[in-house]
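Okay, so chain A shows up in both of these, paired with chain B first and chain C after.
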Partner chain A sequence: MAKVLMKGNEALGAAAIAAGCKYFFGYPITPQNEVPEYMSKELPKVGGVFIQAESEVAAINMVYGAAGAGARVMTSSSSPGVALKQEGISYCAGAELPCVIVNIMRGGPGLGGIQPSQTDYFQATRGGGNGDYRLLVLAPANVQELVDLVMLGFDKADEYRNPVMILGDGMIGQMMEPVEFKDNNNQELPEKTWATVGTKGERKPNVVNSLYLDAEDLENHNTRLQEKYAKMKANETRVESYNIEDADVVITAYGTTSRIAKTAIAKLEKEGYKVGLIRPITLWPYPYDEFSKIKDDCKGVLTVEMNTGQMLEDVKLALNGRVPAYFYGRTGGMVPTPEEIVEKVKEIYGGDR
Partner chain B sequence: MNNDKRIKIIIGHYGSGKTEFSINYAVKLAKENKKVALVDLDVVNLYFRSREKAEILEDMGIKVIGSSIKASALDIPAISADVLTPLQDKSYEAIMDIGGDPAGARTLGRYHNYFQEGNYDMFFVLNANRPETQTVEKVMEYMTKIEDTSRAKITGIISNTHLLKSTTVDDVVKGYQLSKEVSKVTNVPLRYITVLEELVPKLPKEIQEIVFPIKLYMREEWML
Partner chain C sequence: MEERIIAAGFGGQGVMALGQLLTYAGMVEDKNVSWLPSYGPEMRGGTANCNVIISTEPVGSPVVVEATTALVLNKPSLDKFEDAVVPGGKLFINSSLIEQKAKRDDIDVYYVPANEIANEIGNDRTANMVMLGAYIEATKTVNVESIYEAFTKVFGEHRAHLLPINKEALEKGAESIRKQMALA
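Here is the complex of A and B:
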């Protein structure tokens, strides 16, 4: 298929439908409103259902229901709206329901603003809801990758019976870029024998539930969940990196900020600086191992985020004190410029090139 | 360009490139020492609006009119009373950058009495690389719906087919062909073909006459 020009939010809707998503439940919030708008227009054309729920809480519980019945289902929102969904997300994780949850982040805390941010890194990777659970968290850096990761996300959700979160900032949702819908060659996925689709009198009813009345049963359930998460860590960690082995400074960033970092790195290269990049594509599982490729005498690793230092904590865990960790961030919807990053890197160099 | 009417309304499908065209048009007029007002009436989009570029445009002497409430993150459709200035003051060249789709064109209704046939142009910006506007039928549907909502007549088509910084001559030619077909069926003249400045010399001769070379003001250096 030829390339078309689409806005991130439209493209992610189109990608979901291409991946076989038939149900969307959501509630409007800027800057992701084009997602429900697109789904409301397009889902009926493929025999699907769009419902504008009465609230974010209702929407995520509709997702729980549809996922429990084995359907491919998605919800999307932006930061404060995703905060409202946390209870339902925890229930989906507990009941092991495959679904895709999109967060097109805006500035916070509270209602914050409508401009882009990356302030929900903790919420997404540390468990915004209760309990020992994990989401597979995918962080696209451009509209094409957004499309590819939405499609991948549906497969991974089914493969692991686990909610998948697409974590994009407002810029990714609002930006117009060329995209191509590649042939989505589905991996072999297990049949959903657990789904509540009716017994036809031929088997015992399936039960989708996150409540365990017996402590030992719940511990066993948690042990099984952790085994699943360990498998996800082993197989699903995704990262892009370049020039890190002999870099004097390494920048690490995800989503929109990683693109700004790339532009900064190109500028620095022209001036003779040796700067590498680590761009996590999965925020959970986090690509800790990639940081071990950085040489011991690297002057520092600069984390750039549109927040006050959230991924920075994972970077410090990865570096374990071996190399100094630096941070540069903007908040409130302000987007860092390549020049600001260049300046920060030069500061780390400390004038000696 | 000198044949265009004093009031120029820029409409089209969501994401067709109205803002980029509006800014380029305003800059071009300003360079000819015209008194220019760029009216940002986009209440549909909240990112990438022309008011974001107010500072550089004002440095060129262009009057930029956005919302009456000064906040980049404004989420309500507040329109400035100042919009009337360039509509009433005939010394202005007025460029009205309208939000996408019929939903965006709704703001025009309020200014209906200023749009008398012959005193304004309403340009429909067409990008054949947008999934919703790839066929004559679909384009005509948008044109009709926007005319109905705005209560104004489209007087020209702007062929604006591109893929941002990766636009090729083929994209431009494809868009030109679609625009020509639409023009033939609707009797609305093809007014300009917008092309990135660096592509202009590579274009086939037949197109060059009505080429409108543009720069991308809304795309940051790190964007595609």
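Here is the complex of A and C:
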């Protein structure tokens, strides 16, 4: 298929439908409004259903219902709206329901603003809801990758029976780039024998639930979940790296911020600096091992985020004190410029190149 | 080659569409492209702007900080973006609505009476296309044929009947640049 120019928000809707998503439940919030707008227009054409729920809480519980019935289902929102969904997300994780949740982040805390941010890293990777659960968290850096990861996300949600989060920001939602919808190489997925689709009098009813009142049962359930998460850690960690073995300074950033870092690196290379990049594509599971490729006498790893240092904690865990960790961030919807990153790298170099 | 463009004006002047057409045309010509709009509340009545990158290399930051070109359709946009143009870059001023001259002397400045030209051809709303025609003539970043190809992609097939008047606007914009070049 030929390339088309699409807004991130619309492209992610198109990707969901291409991946077989038939149901979307959501509530409007800037900067992701083009997602429900697109789904409301396009889902009826494929025999799907769009519902603008009365609230974010209602929307995520509709997702719980549709996923429990075995359907491919998605919801999207932006930071304060995703905060409202956390109870439902925890329930989906507890009941092992496959679904895709999109967060097109804006500045916080509270209602914050509408400009791009990355302040929900903790919320996405640490579990914003209660309980020992994990989401597969995918962080696209361009509109093509957004499309690819949404499609992948639906397959992975089904494979692991687990909610998948697409973590983008206002910039990727609003910007337009060329995209191509590649043939979705649907992986072989197990039949959803657990779904509540009616017994037809032929089997015992399936129960979709996250309530285990017996302590031993609940511990066993948690053990099973942890085994599943361990498998996800082993098989689903994704990362892009550039020149890290040789670099004097390594920048690490995810999503749109990584693009700004790439522009900064190109400028620095022209001036003779050796700078590498680690771009986590999965934020959970986190690509800790990638940081072990950094040489011992590397002057420092600079984490760049549109927040005050959230992924920084994972970077410090990965480095374990072996190499100094530095941070540069902007907040409130302010976007770091390549020049600011260049200055920070030069500071870490300390004048000797 | 990397063109980093800021297009700015009042909400309703068509700067977003101008940027989208240019971006689509770049894609048609197999360049790497990105289009990033301002989406703040300032869009209502205030200034709207978009950032376009057209490059032979993969696009890094989609945010244009150091612009190779700025197209400004109203005075607040000139005030805001004149300094964003890199030395040696280009600035296109809609002289129908902006009386003031550019302060910079280290960039190429083009004055395009976009609204007057648009009125002459009978549709004031084509002023954005006059600016785009001027830009393409002066920079040759894309072929104007690629803009024609992008037109129905951006505006939809139901607007195909508006292509002739928009072609005229693009051509008149180009003509105004050729006249300025001849005088220079």
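Just so it is clear, the second predicted complex is superposed on the first by the 353 of 353 C-alpha atoms of A that agree within 3 Å, B and C clash if a C-alpha of one lies under 4 Å from a C-alpha of the other, contacts with A are read in each partner's own complex, and residues count from 1 in each chain.
Simple rule for what comes next: a contact is a pair of C-beta atoms (placed from the backbone, for glycine too) under 8 Å apart; a residue touches a chain by one contact, two chains touch by 3 or more.
Since we're looking at a predicted model, the values are computed, not measured.
For the composite obtained by superposing both complexes on chain A, the positions of chain B and chain C are in clash.
In the superposition on chain A, A:Pro31 makes contact with both chain B and chain C. Legend: residue contacts after superposition of the two complexes on their common chain; A:Met6 is shown touching chain B, with no touch to chain C. By the document's definition of touching, both partners, chain B and chain C, reach A:Pro338.
Of the two partner chains placed by superposition, A:Ser79 touches none, neither chain B nor chain C. Judged by the touch definition given at the top, the superposed model places A:Thr263 against both chain B and chain C.
Once chain A of one complex is fitted onto chain A of the other, the partner contacts of A:Thr303 are absent, as it touches neither chain B nor chain C.
In the superposition on chain A, A:Gln174 makes contact with both chain B and chain C. On chain A, the surface patch touched by chain B in one complex and by chain C in the other comprises residues 3-5, 30-31, 114-115, 142, 170-171, 174-178, 259-260, 262-263, 335, 337-338. Put simply, chain B touches chain A in their complex at residues 14-15, 45-48, 72-73, 75, 127, 129-131, 162-164, 166, 220-224.
Residue ranges on chain C touching chain A, taken from their complex, read 20, 23-24, 27, 33-37, 39-41, 59-63, 65, 153-154. Across the complex, chain A meets chain C through its residues 3-5, 30-31, 114-115, 142, 170-171, 174-178, 256, 259-260, 262-263, 266, 335, 337-339.
Across the complex, chain A meets chain B through its residues 3-7, 14, 30-31, 107, 113-116, 142, 170-171, 174-178, 259-260, 262-263, 333, 335, 337-338.
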